[in-house]
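These notes are about the structure you will find just below.
Per-chain numbering from 1; labels A, B, C and D assigned in written order.
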């Protein structure tokens, strides 16, 4: 048996995305041992919604069996996914949820991802103190879900004051600059909720201000960050958004292509089409264990997990 | 060679057309079902927004200016349209109202740019970059994150047929007619004079200010059309839509043989240029290039096309 | 329009400007401009470079705003806000720097803003071309090749562009026309035709202002003359009631005397400084000549017969395809201006705006550019160079506020002096002059000729092209007459006179 | 009176004034903003932008619609190369700078040749080159740039060296002096202005304008590469789009520094002030308690206000 699966990635500016594709490729190769050929057509370019729609249309015209997409928009693909579904193509979104009833989502719940780390931050601060938040690209759906997640937690804790929120576009250098400016103007920051991709920068600014001991901040899941975390004794906690989500999605896709039917109650989420994956949390407690798991990987490696085929089968009848 | 150049002078779009045909043939070799009506329609749907934005951009560039805010205009028009449709309840009347609001938004953005640049004499590049930031900010104000589906009537019409002919083809034909219409108006000669040598145009008695404003409003108008198409294509609002359109549209305009210095070129060339850009991404798609080389190949082919076009047509 | 057979100047005043003032920043361009023109009158406006002629005209045409004074058109006060409003009142201006759009065709330029339209408001291209062809037919005999309704203006020669500008003005059917140096790039035949058109217009009752630095032309065509000096109108008279000396006196405030002195004959058997053998390429066909040290060689003939081409070729700006050039007996390769400059050549262009002016930069920088190259300097110490430059500029009687003043603060003539000073500062041994006095006033011309003679006396070789025959005859030791890219005659000694020059220029062998 | 007016319209004075106004505003909306150590940090951030803008200034002054949109990709490339050459070792800092500066210089030269020999408009040529370099970065690194900054470099950029100022500020000051010397005391500098004001006239004075213009793009590339080294010194490690955020700001810094995009005018000191003003503006906005869109609106509006001061084109009717 052999399947062709199209992968569409609309942003290439990060190692996380590359690892995502690499893990998906590895998962595809692994299917060969089970006698199933999975051929991937990978479209990965820095593009906009329109460009990704172009990918999907070409996948449809090419006649792939399934499409896995890390989408640049939650809603913009509804019509084109409908066309894919009409053509009998299975569509799975990963990393960011989509509203289309013709697609399913396999990935983490970004809101919950933020809730977890925000809760860690609140606990670390003993439920008392001033926090600032540094976010990614305003208007980006994943960003907005995360914002909703931490706001929910902070609002539930009356001792926490959210001083201000700012955007640094998931850019390490901009994160560092933003943190510098915030430290200068808010002398009494106790906690920083910062998204991954900018946390290392924020920590560098905190260190430069000599406040490493006074400020707790959410962290990254990159190996080199974990190493600094351990060696410099940072106060940090990080929820894991594993790059393996696309591999998980791929395993689910192949099982579905094999004709397996989903269990009735697997879907949830805002759009009712999501299969949420577990979100590990890295804290001081399991830092060493996590680092051991990343032993031998390069510095840019992100802590990752993905569904094994067996775990994926749990979702099916 | 020089004879070739002579015959090409003023018809640089012929070079673009040749490039387009070549790419089309390569695409055909790589994708045998390219000529089926569905695939053609699908390709046209993907290329259409850039085609429209590039046409609008051409008029600004012919007038000796540039518009970096087109991407943000597209986003703003998109969110305004979907919001108005949502507010009015999604009946046909509401849809039309939304479309009208979108078009007015595009014109207003163009007017704003034009007044700043032609009346207050701001530098076009930095000004439209700044207004782009403002329009983008407004888009996020109108719709903080992607969402707000448009009624099925809207996008089904866009994806479907009118009188047996695909809607996108109608729009494409409409764009061609609009180009032909504008090309016959004295406005275009006046615009090209303004872009060619502004002092001369002024001394000749042309109303240079209103002419440049007119070009920016055309750019805003065509950006609005592009936004309406994207709204049909995506059936929803997205405040971050279209962020790559500004630079792609400039590439398309240059590929189409229009001089960035102004005064020379044609919107028809830009239309072909936009199709060339679309075909390049198609060829990259079907050439099965490993993903880490896709961006590089696109960059190289685009640069080669730009260099080739300028080389063949240069004076 | 009705044809009036006799050219009686009508008493009706078409245009009256009085006490007009205009400042550009610190520069006062006009302190009290006055001109009054009757219908059916050709009125010459004279004055030295930078005295404000063009500025006054642009104010009348609405391109420049006036600071003070009154303007009446057809007896009614006019407060113009744009060229458009002036045009509506029947005023058309031939711009000294032309108002053509190079990217557009001859037809589009002529009818810009007045395109014939059909009922639907679209441009009626067929009529546009037909109307243009009617207009250009008037000049077809003298316009040269490649002059058609569909040609892009960027491809026309300077004289052809001036003709287009003339036609553009005429196509507006104005009742008041200002020609600001409309003959500057035209040759004799073209000027004659132009004048015949002026006479027709005059007969039709059109009021005409005519600006030229060529006295012959002025006295040939003008009914009345207004003279300006330093931004002020100083005199007005009927053309018949005044002589040249009076006019020149009013223009410059002193009687300029640049009559030729007798130059000693060239000694025979000298080693030539510059030898040009059989150069071809572009429009040139097998041109050979040589120039001795201290000799002034003139290039004559009709406009555009390759005189500029040979000078630009020698300067490496438009390299020759074939042939050899040697300087002081050594062969030189001239592929770019830097080669020529290092071989001791210098080039002064008549089109200073295009070829010489570093717009917006200081006078110092404008002079320095050539020195830096010729002396192969890497570093610039302004204090070391300034005295030299000041000396070079002072030698030409240049009027300027200071070395740091921007070049644009000078009038055209004074700018040209700076560009000559640019080369004087490099001690060039061969000076190539490409119609260098185009648009320069009489005073400056006098200074310039004197300077050229001084330089020649000190041993500098000069190759000189002028569109005015009088200049050639006045300055040169020898004149090569060009026709279609080849030298067709050499005039020296007895044959060096206006008769032979004109005859050779029109193709008859001397 | 007249003198007062010329002083007040001097771009340098205007830029300096806007810096003071912005600092005052920053202090007013968020007290502590104009503190000494914060100002030093702002200057550090400005330095990177300022170094990129140095190259951008040269290209813009050189005229013929000069502009370099490839600086972003070249910063990223410089950072990637520097990170790889250094791989955390102090001993490799010099080779890293040489490699980063050298390669980006060479790429700039290629863009320059495209502009001068093939006569491709600079905007298009450098935009195309940005795409190619970005593509090459992805191909080289697969999106996962390896390598990281040497500790000394990071200290040099982030920590005080003398008088409480980090080393990078001294480098920037040196670059500013070098730019002044280049533009006002070398033939190359005079040639850049001459070329920018009238290319044909510059050629007619014997200046090798093609070669010089090509060189300008090389220099712009080199400055971007060096800025890339500074970026990796600032952040510790790089990612492939690290330079993108500098492209348009570098052009804005040039314009609000008083250099006309038409070429042939202006100087680098204005650009230094422009880079500082822009960085302060962005920082003030970061700390404002506003929705993102509100910050964008203010940013755009302030840019337009600055355009009112400097960025205006010539009047047609005088």
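Note that a contact is a pair of C-beta atoms (placed from the backbone, for glycine too) under 8 Å apart; a residue touches a chain by one contact, two chains touch by 3 or more.
Worth saying up front: this structure is predicted, and the values here are computed from it rather than measured.
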item: Intersection of contact partners for subunit B and subunit D; value: A, C
item: Inter-chain pair with the most contacting C-beta pairs; value: B-D
item: Remotest chain, subunit C as reference, centres from CA atoms; value: A
item: Distance from subunit C to subunit B - Cα centre to Cα centre, in angstrom; value: 45
item: Between subunit C and subunit A, distance of the C-alpha-averaged centres to the nearest whole Å; value: 72
item: Separation of subunit A from subunit D, taking each centre as the mean of its C-alpha atoms, in whole Å; value: 34
item: Junction residues of subunit B - those touching two or more other chains; value: 140, 144, 199, 202, 292, 294-295, 298
item: Residues within subunit C bordering two or more other chains; value: 63, 82
item: Of all residues in subunit D, the ones touching two or more other chains; value: 134, 138, 142-143, 292-293, 317
item: Arrangement of touching chains [line / ring / star / complete / other]; value: other
item: Touching chain combinations (by label order); value: A-B, A-D, B-C, B-D, C-D
item: Interface residues, subunit B side, partner subunit A - complex; value: 31, 33, 38-39, 42-43, 45-46, 49-50, 140, 144-149, 155, 159, 230, 232-245, 278, 281-282, 285-286, 288, 290-292, 294-295, 298
item: Residue ranges of subunit C in contact with subunit D within the complex; value: 24, 63-65, 82, 315, 317, 336-338, 340-342, 347, 349, 354-361, 365, 368-370, 372-374, 377-381, 422
item: In the complex with subunit C, residue positions of subunit D that touch it; value: 184-191, 193-194, 197-198, 200-208, 264-265, 317-318
item: Footprint of subunit C on subunit B - complex, ascending; value: 9-10, 184-186, 189-190, 192-193, 195-197, 199-207, 263-264
item: Complex contact set, residues of subunit C against subunit B; value: 61, 63, 82-84, 86-87, 93, 95, 98-104, 108, 112-113, 115, 117, 121-123, 152, 168
